[in-house]
Amino acid sequence: MTDDQRELLRIENVVTAYGRGAGVRAVDDVSLTLRKGELLAVIGESGSGKSTLALTALRLLEPRSGRVFFGGEDITHATQRALKPTRRRMQVVFQDPYESLDRRFRVRQIIEEPLLVHGLGANRAERLERVHAALERTGLSPAPLFANRFPHQLSGGQRQRVAIAASLVLEPELLIADEPVSMLDVSARAGVLSLLDGLRRDGDMAVLMITHDLAVAAHYADRIAVMYLGRVVEEGPAHKVVRSPVHPYTRALLSVVPPKDPLAPFHPQLLEGEIPPLTAVPAGCRFASRCPDVAPVCATVDPPLMDIGGRHSVACTRATRQAATPAHQGAAE
Amino acid sequence: MPAALAFLLRRVAVAVVTVFVAVSANFFLFRAVPGDAASVVKVPGMTAEQRQQIRAEFGLDKPLPNQYLSYLRQLTHGNLGISFENRKPVAANLAEAVVNTMPMVVVGTLIALVIGFATGLFGAWRRGTAVDAAGLGTALAFYAMPAQWLALMLILLTNGLFPSGGMSDVFLVDADFWTMMRDRIAHLLLPALTFGLASYGQYAVIIRSSMLETLGEDYVLTARAKGFSNWAVVRRHALRNAMLPITTLIALSLGTLMAGAILIETVFSWPGVGLAIYGAVRARDYPMLQGAFLLLTCSVILCNLLADTLYLRLDPRIRTA
Amino acid sequence: MTSAPQPLVDARDVNVWFDLPDGRELHAVRGADVRVNSREKLGIVGESGCGKSTLLMALMGLLPATASVSGRIEVMGADLLAGGERAFRAHRWKDLAIVFQGAMNALNPVIRVQRQIVEALELHEVASGMAAVHRASDLVRLVGLPEGVLRKFNHELSGGMRQRVSLAMALACDPRVLLADEPTTALDMMVAAQVLALIDRLTRELDLALVLVTHDLPLVTRTCDRIQVMYAGTVVESGTPADIYHQPQHPYTRLLFAATADVHSDGPDPVTILGAPPRLDQVVPGCAFEPRCPHSQARCATDVPQPQSAGKGRSWACHYPGEST
Amino acid sequence: MSATTTLASVAAPTSQPTRPRRLLASVRRRPAAVAGATILATFVILALVGPLLTPYGVHQRVGEVYAHPSAAHPLGLDDAGVDMLTLLIAGTRVSLFVGFAASVVSVIVGGSIGVLAGYAGGWVDGALMRLTDYMIVVPALPLMIVVATVWGPSVVHMVLVIGLLMWTSTARLLRAQVLSLRERASVRRARAIGCGHWRIAFRHIVPEVYGLLGATTVLTVSVAIFYEAALSFLGLGDPGTVSWGRLIEMAFERTAISSGAWWAIVPPGVCVALVVLGSSLLGNALQDAANPRAAIAHVSPRTFRVRAERGDRR
Amino acid sequence: SERASDGVLRIGDTGSTISTLNPFVASNVFELAIFRYVYPHLVQYGTGSEIEGDFASSYDASADGLTWTFHTRPGAKWSDGKDLTAEDAAWTFQQILAHKDGPTARLASYLQHVTKVEAGGKDELTVTLDAPLATALSQISQVPILPRQVWQEPLSGDASQLKNFTNDAPLVSGGSFILTDQKKGAFALFKANSNFYGRKPKLKGFGLQFFGSADAMVTVLRQGQIDVAYDVPATAAKTLKAEPSLDLLTTSGMDEDFLIFNSSSGQRAHPELLEPKVREAFHLAIDRKKLVDVVTLGMGAAATSVIPPSLAPWYDPATGAEGLDVASANSILDGLGFARGSDGIRIANGHPMAYELLQPTGLTGHDRVVDLVRADLAAIGVKVTPKIVDGDAFGQLLVTPSEKAPSYDLAMDDWVSKRDPDFMLSLFTCAQIGNRNEGAYCSQDYEALYNQQATTLDSGARRDAVVKAQQFLDKEKPWIPQFANPNIIAVNKKVKGFNGSPFVIDHTSRHQIDDVRLG
């Protein structure tokens, strides 16, 4: 299979802004590619534009510029009606399992609704069968026991599983999960994460997962994209990004996560200051104001995302001084 | 402070739009009612020509857009037209009514605020106790009483102790200042008290609930953790925050105050705005009604604007951000 | 020189019940002990709803009127529970200061930061007038903020700044013990790291004792000298971070570590602890962890395990400690 | 997979009652709500079976003008020698009808406007909200008086006048609610699934505001009854019918006070006050239940209790 | 003690208020009453229904009845000291006539047949009519004489400013009192006019206070803060009668309630209603005694003619005297072949005898009248559905100009008679269709009878003519009289010489105040 055939979602130079006029550019010139069966984790501080990116990919927001391809098809400006068949192929799971399930629906109804909307399943019995199958797949077994419950009769982890099941019934090719476990207790996280991991391994489903938790990203993702202030600053295979991070921001982020063993060495590298507001994005490198490695050039040059080899790209003048090709052009290996 | 200015400007813009809507709605509302001045000004044996003449007199024979434009033009000169009923300028009639209504509404509102604050604050403070329940119950009970009935009850209970008709003893002429004053106050007592009692309930309820809400805030807990006594916490931290919704309520309640005023003025024959409106409806005095509506809507809008400005002072969150 | 220094906080067998609107009771804290020595850093971990915040509130005497408490709470030798609100108030902020969970709203939105710091100074007669203002600016500088924040309102500050201001405020009266209830959960990883490092530094510099409540295990093992693991209102295990990590005695502790992923090493897959904590509005006859415990035996369902002490603050409450697969 | 079987066995530790029942339960827990519901129910029953309770007609002269209460006429007679109790019961029907019907009208109008504005957003929202702004600032009772005068007095007109002029708070409340619902994750998810506007509006948003709608309806009843009493008092009630407002008017117009006939004035007012009280108590409780806010107060003169008993340990 | 009320008669009233002091605009009773006391009138009514001199101390008519000569009092003065002469009167009348189709229309309606008015020197005035008129003096008694120095300005040119002339108090007065202060809807205060040309009033002054409610008025009366209360509701009578300090003067008044048939020729839906026999049946079915009993608490009187009983010299007791007789009523309708349907309602001309009854708002007690009448008519198989409309709309519906037939079936209204029977009788003339002729009744036979009474100058002969007209109306029954409302005035016993006749303060006489003393 060639790369092009494996490509599922491609985002090209997307800019998404809130508000009128130029607005606040929450996502500013981002390009990403997600292949079939791949788990891409997007990490970054709060407000860096992760959710906005996800909503744009889902076309729940329309980008100001740039393009969004899904399965090779340009959906950048497709109408909601035209998007309907595509919607079936990409599904979403939100952060808050308490909010994202309609409180008045039984689990069965929640999972059945996508089938109804897309006219799948010939009759009630067939739909119910699919609902049960989806429940079983997410580990809510025996399915009939759960099917008739209301969300508030389930624990947080179970609710998140229901949300995933409601996505799975449509057998999507892409699942976008916006912080799927951050509201869950440690004890329930692993279950949901390994479920997602398993689903894409045996179902060839791609997952775009947004997370705050670097450890989670490191453990489950194939690839990691690090966002800072509306930009992707580093993107590459998970083990490379975690083990040999190139961008100073990635390095700092990794350094502040303590290892599990209290006796293992731990030298957090704290960044000074705060993220500048989106309304006052500095000229030059956006990270320059907090960069421990800052060079004079950073104040003026806004570094593009450049491939540094091995499908690993970084947006940092220092790291890419040896100058590779711009990342999204060099995507074809 | 540009954020504050922007906020204020936005509010002013909304107010201006609303005033314009009100002005226009006013005009068309009263053109839409069946019958016009000609059918209203009662002249026995009026001929068709005379009818026509009256229509001309009030400009009712011109096309609607022209009438509308001239109405707007007159408005900009502060001219609200001439009353059908007594042929005096509407503005003069209204001014007199407003001057009469003021003492009743102001004293009444003061009474309402005092009782309302006392009940509301005490209730929130002693939440869940019998005193709270009794205070809240009484407040709700007064809130539930129709103002006109409350007025009648007060008359019944005071049994002629205080005058219950008009603003003063009309036969009291050339009396000295204090006698006049005493007479005025005696006349004001029952209407103002009715007004106060009828409206204090809503203040009490809102003050209590906004106070309770504030008392549940994290910063109140912080203040307690700092070692402040309960009362000091309320005084320093809760009160000012609890004031915020009350400001809006008082501004907005002006509109509903009118309802109470009409009824109370009717019972006590108090020659204020309420009675003027009621009389104008009965007499089909459309210019007068139009003027009164404009006055009331604009004053509610103005009060809202005032409340916004006050909010700006009270709540720094609006001032910046 | 006294041989055994008196603990700053010594709470024993604390129970907290909440009256529920339907007349039932919720037993939120079930016989928990908290003991903090001078300069000691105590961490309390546990899942959401296990009673961590409630326990802290009990120590400060800030529980709502619907709560009832039993046990003994001593702060610097004074029995506060016996002394009532007045006794608690005497120690608040001067001896015990707290940074609240979700400190996003811990500042009064309509009062400037300066006033809120100064009022605490004046109340406890630490300083007043210009002296108080100077101390306030010292404090904000101490937590790494520019003096300008003194003239700001809550909404003008970022999350990290609010947390720092809360910290500055807590330090205003030179307390002996700083209680911090999940001071970093609402923050980003980087900011959280900054705040935590700050707390760590300040406790050392100012000779403070610290009680740090959180559900982030790696974080607490990194910061604290001693850890208490709570489950369903009970302290199930306590000890030094090394004890807890390397020789966990309670299966819950072990599972908590196993459920956590590690960014720095490729360990095995994190595990799930099946099921959910018990409802605290019901009586739990045996070990509260029994329904979720992979090693539970008949006795666990009926007998409440009593804490076993191994000295030096090391203890656990399990019928079959150290058992593992 | 063994994990899944165990999962089921320990699952759902929190089995709470379903939402409507929870709502009911939370209402039942509030004494104020129970009192409100009881008052309303009593009056509704009175309206239904009322005519069976008295043997007299509403225009039947049965004794002296303003005769004192007596065994035969527990509430005395009115200014035409008609039994007051009979009138009061007859008034219950009309007043309650006007109250409930007007509040239904207003909730339908306000609800539609609120939901439409909140859901559609953009210029639709802008236009509807300017309309609402205007309706809020325009003095309601005077406007009702004008409209009622022009339309002429009848019960149906009264219902429409009141209903069509007091929907603003409902509209605002619902708009705010819908605005926040629209951003809710569950609604976003519905959009992501590919649900159409209709489905989102009527399956995901509107059902969420049912509770609020119910609460506002009950609350609006009190306002409607108020306005009925006010309009009737001003002589704009249907003279062919008896309502509480008309009874107060008649007492006022026909010198009940100077005749000392308190029994002609007190009962209708008490009835209005009771129903208004009942519906605001119940309505507020429903609103709180539909829209629960944290019911904590960190400051209270009472403090937590100290118990001697020990926990279940040791 | 500071009350300026010593020697001042304090009168209370409800309902009516003063909103204008401009006699060209004014219409309500109290506004007109003010002009009666403040402005001179050539003649006025006495205490009964006879006319007497006022500013004209004597007057005579030419033999043909077309020219009236008035001799006015010499040496009279306005309150501002200016001379008050016949020339003032002539000027006023001429101005009214000059703008009669415009701003002076209201007053001009009293001078309908006047062709010329001339002053013959300072003390004489001649008025020329185009036809002999029985009501000439009665009409002239309504026209106030205005001070030229005040009214010159608004009456100049085409008098277009007249309507907006507010004529604020204090007015330049020529009558027995001077209006010193007045507030719309609240009160009017008068003091005696020392310049008055006639017999000086015995009071230092008097005042009218308007109450929003009868209750407030009655309370104040009982406390002695007013001396006289007009318009006392029947319901308060019992309480006031028990009050030792008060006298209660009760008479059946000038105000009658009528059931009105749509008699317009355009009324085609229910031809049976045009049938006098059917109307007769309605008349027989209505229980007037019960109406008087329930609605007026027994204090009013049954009405039988369009002229109220209290207008004694003109009222014909024999007219419409037949009382309640449901059996006869039923047999009349049976006789007409209007059989009852299964629901008990008669069928007439293929339609059930079910009618809509228009009723104006704002008539106290009317709902009860309608209810009783409904029940009475139901007893003869006639169904009536009341429809209530606003007073103005009611007026418009009833007096639609003749070309558009009014569309109602039945209506109910009340009318207050004037002291001259002409007014009530005029309501049925064809000329009044589209104005006051509610029901649009028109009959040439009646026109003849009406004109005869209107032009007969001899009072005995005129009475016969008036009786004939009443009897004719009783036969035709365009309206069915129902009952006369009572007229109740409560007077403090210290008030002496108060005239409690049904001709209450009706703005046609000054006697009620001028004759009063305070003891």
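Going by the order they are written in, the chains are A, B, C, D and E; count residues from 1 in each one.
One rule holds in what follows: contacts are C-beta pairs under 8 Å (C-beta built on N, C-alpha and C of every residue); 3 or more make two chains touch, one makes a residue touch a chain.
All values derive from a computational prediction rather than experimental measurement.
Note on connectivity: the fewest chain-to-chain touch steps from chain A to chain B number 2.
Counting steps between touching chains, the shortest path from chain A to chain C takes 1. The chain with its Cα centre farthest from the Cα centre of chain C is E. Taking the mean of C-alpha positions as each chain's centre, the chain lying farthest from the centre of chain A is E.
Chain centres here are Cα means. That of chain B falls 40 Å from that of chain E. Spacing of chain C relative to chain E, judged by their CA centroids, is 91 angstrom. We define each chain's centre as the mean of its Cα atoms; on that basis chain A and chain D are separated by 47 Å.
For the pair chain B and chain D, the distance between C-alpha centroids works out to 24 Å. The set of chain B residues that touch two or more partner chains comprises 34, 155, 217, 221, 224, 266-267, 282. Within chain E, residues 213, 215, 219, 222, 362, 393 each touch two or more of the remaining chains. The residues of chain C that reach two or more other chains are 62, 272, 274-276, listed in rising order. Every pair of chains meeting the touch criterion is listed here: A-C, A-D, B-C, B-D, B-E, C-D, D-E. Interface residues of chain C facing chain D in the complex, by the touch rule stated above, are 13, 15, 17, 21-22, 27, 30-31, 61-71, 81-82, 84-85, 234, 272, 274-279, 283, 291-292, 304, 306-307. In the complex of the two chains, the chain D residues touching chain C come out as 3, 6-7, 10-11, 13-14, 25-26, 29, 296-298, 300, 302-314.
Chain B meets chain C in the complex at residues 217-219, 221-229, 232, 236-237, 240-241, 314-317, 320-321.
By the touch criterion stated above, chain E contacts chain B in their complex at residues 2-5, 8, 10, 17, 19-20, 22, 25, 27, 101-102, 105-106, 109, 160, 163-166, 181, 183-187, 189, 207, 209-213, 215-217, 219-220, 222-223, 225, 362, 392-393, 396, 435-436. Those residues of chain E that touch chain D in the shared complex are 213-215, 218-219, 222, 233, 235-236, 238-239, 293-295, 297, 359, 361-362, 364, 366-368, 370-372, 386, 388-390, 393.
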